[in-house]
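Here the chain labels run A, B, C and D in written order, and each chain numbers its own residues starting at 1.
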Amino acid sequence: MPLVDAEELQKHSSPDDCWLVVNGVVWDLTEFAPGHPGGADIIQRYAGRDASRAYNNIHAPSLIQNELGDTKRIGDFDAASVSRGSDILTPPESPAAPPPPTAARDAGRRPLQTLLSTHDFEQAASENLSAKAWAFFSSAATDCITQRANEAYFDRMWLRPRILRDVRDVSCRTKILGSHVSMPLLASPTAMCKLAHPDGELVIARGCERGGIAQTISTNASFPLPEITAAADIPFFFQLYVNKDRSASEKLLAQAEQAGARAVFVTVDQPTPGKREADERVKADAAVLAPTPNGAKARNDAKGSGLGRTMAGYIDGGLTWRDIAWLRRVTRLPIVLKGVQTAADAVKAAEHGIDGLVLGNHGGRSLDTSTPSVMILLELQKMCPDIFERLEVFVDGGIRRGTDVFKALCLGARAVGMGRPFLYAANYGPEGVEHLIEIMREEFETTMRMMGCTDLSQLHPGLLNLCDVNHWYADGAQIFPARAKL
Amino acid sequence: MPLVDAEELQKHSSPDDCWLVVNGVVWDLTEFAPGHPGGADIIQRYAGRDASRAYNNIHAPSLIQNELGDTKRIGDFDAASVSRGSDILTPPESPAAPPPPTAARDAGRRPLQTLLSTHDFEQAASENLSAKAWAFFSSAATDCITQRANEAYFDRMWLRPRILRDVRDVSCRTKILGSHVSMPLLASPTAMCKLAHPDGELVIARGCERGGIAQTISTNASFPLPEITAAADIPFFFQLYVNKDRSASEKLLAQAEQAGARAVFVTVDQPTPGKREADERVKADAAVLAPTPNGAKARNDAKGSGLGRTMAGYIDGGLTWRDIAWLRRVTRLPIVLKGVQTAADAVKAAEHGIDGLVLGNHGGRSLDTSTPSVMILLELQKMCPDIFERLEVFVDGGIRRGTDVFKALCLGARAVGMGRPFLYAANYGPEGVEHLIEIMREEFETTMRMMGCTDLSQLHPGLLNLCDVNHWYADGAQIFPARAKL
Amino acid sequence: MPLVDAEELQKHSSPDDCWLVVNGVVWDLTEFAPGHPGGADIIQRYAGRDASRAYNNIHAPSLIQNELGDTKRIGDFDAASVSRGSDILTPPESPAAPPPPTAARDAGRRPLQTLLSTHDFEQAASENLSAKAWAFFSSAATDCITQRANEAYFDRMWLRPRILRDVRDVSCRTKILGSHVSMPLLASPTAMCKLAHPDGELVIARGCERGGIAQTISTNASFPLPEITAAADIPFFFQLYVNKDRSASEKLLAQAEQAGARAVFVTVDQPTPGKREADERVKADAAVLAPTPNGAKARNDAKGSGLGRTMAGYIDGGLTWRDIAWLRRVTRLPIVLKGVQTAADAVKAAEHGIDGLVLGNHGGRSLDTSTPSVMILLELQKMCPDIFERLEVFVDGGIRRGTDVFKALCLGARAVGMGRPFLYAANYGPEGVEHLIEIMREEFETTMRMMGCTDLSQLHPGLLNLCDVNHWYADGAQIFPARAKL
Amino acid sequence: MPLVDAEELQKHSSPDDCWLVVNGVVWDLTEFAPGHPGGADIIQRYAGRDASRAYNNIHAPSLIQNELGDTKRIGDFDAASVSRGSDILTPPESPAAPPPPTAARDAGRRPLQTLLSTHDFEQAASENLSAKAWAFFSSAATDCITQRANEAYFDRMWLRPRILRDVRDVSCRTKILGSHVSMPLLASPTAMCKLAHPDGELVIARGCERGGIAQTISTNASFPLPEITAAADIPFFFQLYVNKDRSASEKLLAQAEQAGARAVFVTVDQPTPGKREADERVKADAAVLAPTPNGAKARNDAKGSGLGRTMAGYIDGGLTWRDIAWLRRVTRLPIVLKGVQTAADAVKAAEHGIDGLVLGNHGGRSLDTSTPSVMILLELQKMCPDIFERLEVFVDGGIRRGTDVFKALCLGARAVGMGRPFLYAANYGPEGVEHLIEIMREEFETTMRMMGCTDLSQLHPGLLNLCDVNHWYADGAQIFPARAKL
């Protein structure tokens, strides 16, 4: 492997000829940059420079080698060749400062044992995370109406506790897609967990292992899938954004099977990126303040350029029901559709032989004023109650309390997914994730006992008073069937 | 053209003999003043003085010549005749200071590329505009309940996204009253755009051209209609307040036809001016602080004297259905009624052969607690669904998001109108207006894709969950038909 | 008339022998004090002293002579007999300082012409009135839920404007109990108007004369009825709290007839005083801070001691339907029941030959969570619509806008009453009251025009959309008829 | 009784050999500590030390002797044996400072006579109590939704006052479980009243005696039951948490009978402790700040460790309907179930021969989003109205106004319970409790008069307008009966 000096490196500092140093190795990223999920801009900004810090903030060390292979590896970088006082290799200051080292970060944080609920984790994250990370994780589509409704509609369902039952021994164990778990709670796939903790998704995996629950790994995870699955002995599922380049997706599916994933969750609620204004605002403000190295003013067009937008560029907006057959061909894993939002599509999924559904709206991140997640579940109960016998139904979005888990299960869900809280807990390492799971377990068990239940098989809709939401699916509430064309 | 000196000018400084200098020309406004849409007071205040600054804040340079013709033009003003130190020609200080020059104004403004939504434009306008302009544009009737409801009721309609459709290619093109446009969004008529930008309506026209949409021009535009239509190559419509003096309206209609307007939008929801307290408060407070030149104390009677009130003085409160025949006689343009608020009147309009309807309540500026605009649309869907086949239905009021456009179209609207946001965008020039349109287009296209739609013909009410508003038109909700007398 | 000196006066300074000086005259109030509507305490506090200032804050100069006659008039007070430096005749400092003289008060007030609505008058009153007066006028029962609902429920009724009607000429004239008035607005009876203006009810009378409307005079008015009726040429009505001592009421009724009152409004919604905490808090706090003259600590028992409570002591809680016959015997005036709150009692009133009803809940001052006033009106429309042909129905409580008046008339009311706003306007003198009436008239006429109406006979329920309140009287909403016993 | 010196005492300073000094007496608490309702931790913290201050904050002086008897009493402590300057006997500083002596506390408090309502008492308590006591008393489960709903749902029921009835003489007297009381208000059982006042439950008893109402005494009262019942001559009821060790409960029941309790209220709505975050936060924060004496860091596990949690350790989660028979065997007292939350369980209770029910949800302290208390009452009225003839129904939770009492009685309740307000009033001693009762009585009597009622037998549901809550039990609102399995 040749040694590349600074003078040589700087000869390749344009978009058309783009070399970068990452962790002491020189890579040629000219061809890769345009297809970079995070956007070409961020790579080309570092052309002829050292991008290690920016890279490490986001990606696992092994990713670049796995992704590019040896052909794009030019050589090792000769650090001694940099002339004293030169700052040409200094990476341009990122508008969002990198997070301080762990020790410093820990100093000002609320101690883990003072966090009593998912809300406490959220509050702590808003204090601990960088502005950019907080904006990316916490933001939702436009006016955040669906995001708030996801939580609020659980609170509009009242519980009807039964008394004088022996509730000393409560079991919350269940099976998800054939895998045993200690409770009906699933870590949802979340992108770029490295923004929350240097060890990213590995931290969530280790915490889930301690808590005995399953994890779903995002296509956009910071770490390669095999590294995550190697980190813990739990059931893993793999979330797939289908790539415009189907062969890329096929490669990912093969990798997932090999790494032991037990099902693939195909995301269907984001054919195009959602508009998350908080996320885009961080980028828009930064673009105004910080000119790009070449002096050109960064442009923030109407399509936005937040983290969410730039990462979603490769997703195939042309995915249709016909592609289910393709999926079946290229993987033996059970297939779950993630982001089903109507009873009609749930029935269609069953007809297509799908194994499971995640009801939800991408945590309110896709389309604002779309139906709150638990209300989709109610729609299935009202309109196609037999669906729960035909496939496994999960619900994701707005779950923050043990009572929410209980309500979802009463309405027919096999388990619930929770996303943002796991990211916020990951900031505290595996202990944080474990603490979060124990809080949810304790709340859920308390709810079981208070409701007079000892086993998940005892849950049913009659334990809820749905008076405040029943008008959603009253006769005619769905309106205009005669005009329906779609 | 004779030269008029200062001494002569000051001989004509009473309401009964009222000369003014405007941009170097002396005009006799004695006869015109009582019929001035902006009130006689503001003209008579400048009798025997130079009114250029006040005039230019509001009106296009050409307007006075177009309006008065040569007969009232006395001559050019001899500026040299003003004695040194004399301030008799100085215009009295207006309570609302004139806006600073453009460059100064730009200095403190949020950069255009940081504005991500109509809400951002509104926020920026509240910071950038003069207090008087902001009050005039943003205000609504009395307690602003309808204004807020116009927006809020869109948010009470939930979306039901369909999945796994090929949404790579989305078309938003449509036809409005026979004219092709790039999307179903229309710039609503708004008065006095010069308060937002020196080039007033011209700016909106140029921005709409870049965005490929149509514009409606107000009777109370700051610039003469032909100057606006000359500014851009887009479909224009002309909004008409019918004058008590019908010949004045006939003259305007002829001018509109000649200038190429493609339809006339006759306003029917404001037979008398609405009470906009924020607008009137600016004037009321000013009147208390600033005595009129002749020492008399300005009077703010109970009828109010905000900009909205004074401009509306010439509108004919006696306009009835019988006048449709008159309109048909005096113009060949398609006729649209702007401000229809009940299904009963929609049906009546169809029976009168009207070509289109704008459902709305004047942006909440006419009568508070009148029906929110999108709910009028729902009333038509419930009570006379065939109306949508008989004429084109538009809705105006409360549209702020691409999802709002989508919902209106699902309920049968051909397109939507948006007013205030265009004024706020005009403050940033044509680029601002273009940026606004692109934001709305991007949001609307994103909504189309998220909903699984690629063409406007696919939209229908079944894509909405109307659970939270369906009680509006439930059986009996309309009440007391037996007692109806009107 | 003998001259009484200070030494003699001070011999009568106990509850059992209680002389006071009022405006230079010495009165023996020993017998009167226990029946004083404002409580014995406030009189006995001044035993042996000069009470002029406290008296004049509340009462008209003539009241004491009218009430007590000559028998209790001991003589004139010899002011020269007070020894220098003596403060024994100085009235104890009232916790609530007396209002400053008019001129001083005017200095800091918002100018009348800047007040644009009833809300502005309320805001101004909160700034201008003494804490005690504001508390007494503005307060309502306990948590003020009904007070707020009185206003809010008008806002939950939507208007359905009709277009293209000739609305140039609008008439708001109507008849109330046989008397012609310029609009369907009535000044409700309000107690102790002197707290708002030194000329108290006289000011309201003079303002109503300018505005052409009628006034109702409270039993607890600051001025004697004949002085008020002499102040203006308008229709007057007399509000009666029936006294435990019926002969006192008979005397008042005779006085009312003689003074030209055209009807008697018998209050039936306050058989016991309501609990108005703001009012009582002023008194409670004062009692803690200011010991009584004799050193005893003032007691604030659980029954409260606000102005409202102390004034209500003489009201007869034993008044029943049987007393209607007594009323008919002792007066020839039409009888109106003020404070009817159910359809059942409205029907009962018609059966008893009552001439009119004021629907309402004492402005929310009697019983919290009692039915909002406009909803009582709706109850009559739904349950006994023929009642409107049998007697005149008024509604009082929550009217703040011209749209409120319009809605009440659509639902069958003959006219509406408004209370607090008249008190707040009285603070500005007759001009204030006139300004208030003109604001309401302008708003009401604007509403008429916007709705397409020119005459009160055209108003009917179909002009309203009652969707948000119709569930109030849906089938079964009234519940449990089988169990009703009362 | 031997004298124990400091040197000897310190030999017994481990969990396995644990002596403590309490008020001059040395006790061996080794065996008792693990079963201590307040947790073993707090006792073992004082092993070998003087625990008097911590003990007296919580417990009555006599409690330790009653609980442990003579066998664990080692001897008197020789205070002279403590070496000068030694602090080994000084109790470790409690994180929550002890309340200041009464006199000091009184200094800054709002005077009792300025408190006009239960809300005022609550406000005063939030100012007067220690942070720990306030957290323990005021907290409720997780997001406090049920706690707030308990109050709010009373406000959603409107009153329909009837007029012209003779309401001079009103009687509020009634019988509760055979005992005469002056009004239908009951002091609910509340734990650890000593945190509010040094004389704890004795204060409530004395205040209830003055007010003529009954008191329910908690199993977790600060004082022994016989001391409380000896303090006042009123009807007492005994609240029982059934102990895992049934013989302990039997002992308590025997004691209650002997002390004259007239019924036993068996709590059935808390088979496991609720999660009250405010309560746990005080402890969690303290644990972080204050290391335990032995240097180990206090652990705040996910199960929480607030006062509520630690006290609930002995409660039997295995209590079932079958245990009713056991209760009947071991006590002759009438049995009331406290915490019934469904009509189904109310019917079941009647079938088991239960004498009374307290409908409620433990003041919102057990399970969040469980049904608001007054809505349980409505459920019984709608679903099993005959239940009110079969046993006495009480309702507890959210009662804050006289109108609330009235509404509960209209819906069939025999009386209502009120908890937190009595604790807040106890802070002011017996006068405070008496003042609270008089406020409630005055409000209730006022409500009776305003409603046209003079006797509790006249109350019925028709006096309420339930329009805003009737959808709770509309047809189908309860949903899915076919699927009900429990």
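Definition applied: a contact is a pair of C-beta atoms (placed from the backbone, for glycine too) under 8 Å apart; a residue touches a chain by one contact, two chains touch by 3 or more.
If you want to know which protein each chain is, UniProt gives these names: A, B, C, D = L-lactate dehydrogenase (cytochrome).
Only a predicted model underlies this, so the values are computations on that prediction, with no experimental measurement involved.
Annotation, chain B versus chain C: rotation angle of 90 degrees from the Cα superposition, expressed as a multiple of 5. For the touching copies chain A and chain B, the fraction of interface residue numbers used by both falls below half; the interface is of the different-residue type.
Spacing of chain C relative to chain D, judged by their CA centroids, is 45 angstrom.
Centre-to-centre separation between chain A and chain C, using Cα means, comes to 64 Å. Among the residues of chain C, those in touch with two or more other chains are 471. Taken as a graph of touching chains, this assembly forms a single closed ring in which every chain touches exactly two others. Note for the complex: chain A touches chain D at residues 111, 113-114, 116-117, 154-155, 157-168, 381, 401, 403, 435, 438-439, 441-443, 445-447, 449-453, 458, 460-468, 470-471.
Residues 142-143, 145, 268-275, 277, 280-281, 284-285, 287-288, 299-304, 317-321, 323, 337, 339-342, 344-345, 361, 366-372, 375, 471-474, 476-481, 483-486 of chain A are the ones that touch chain B when the two sit in their complex.
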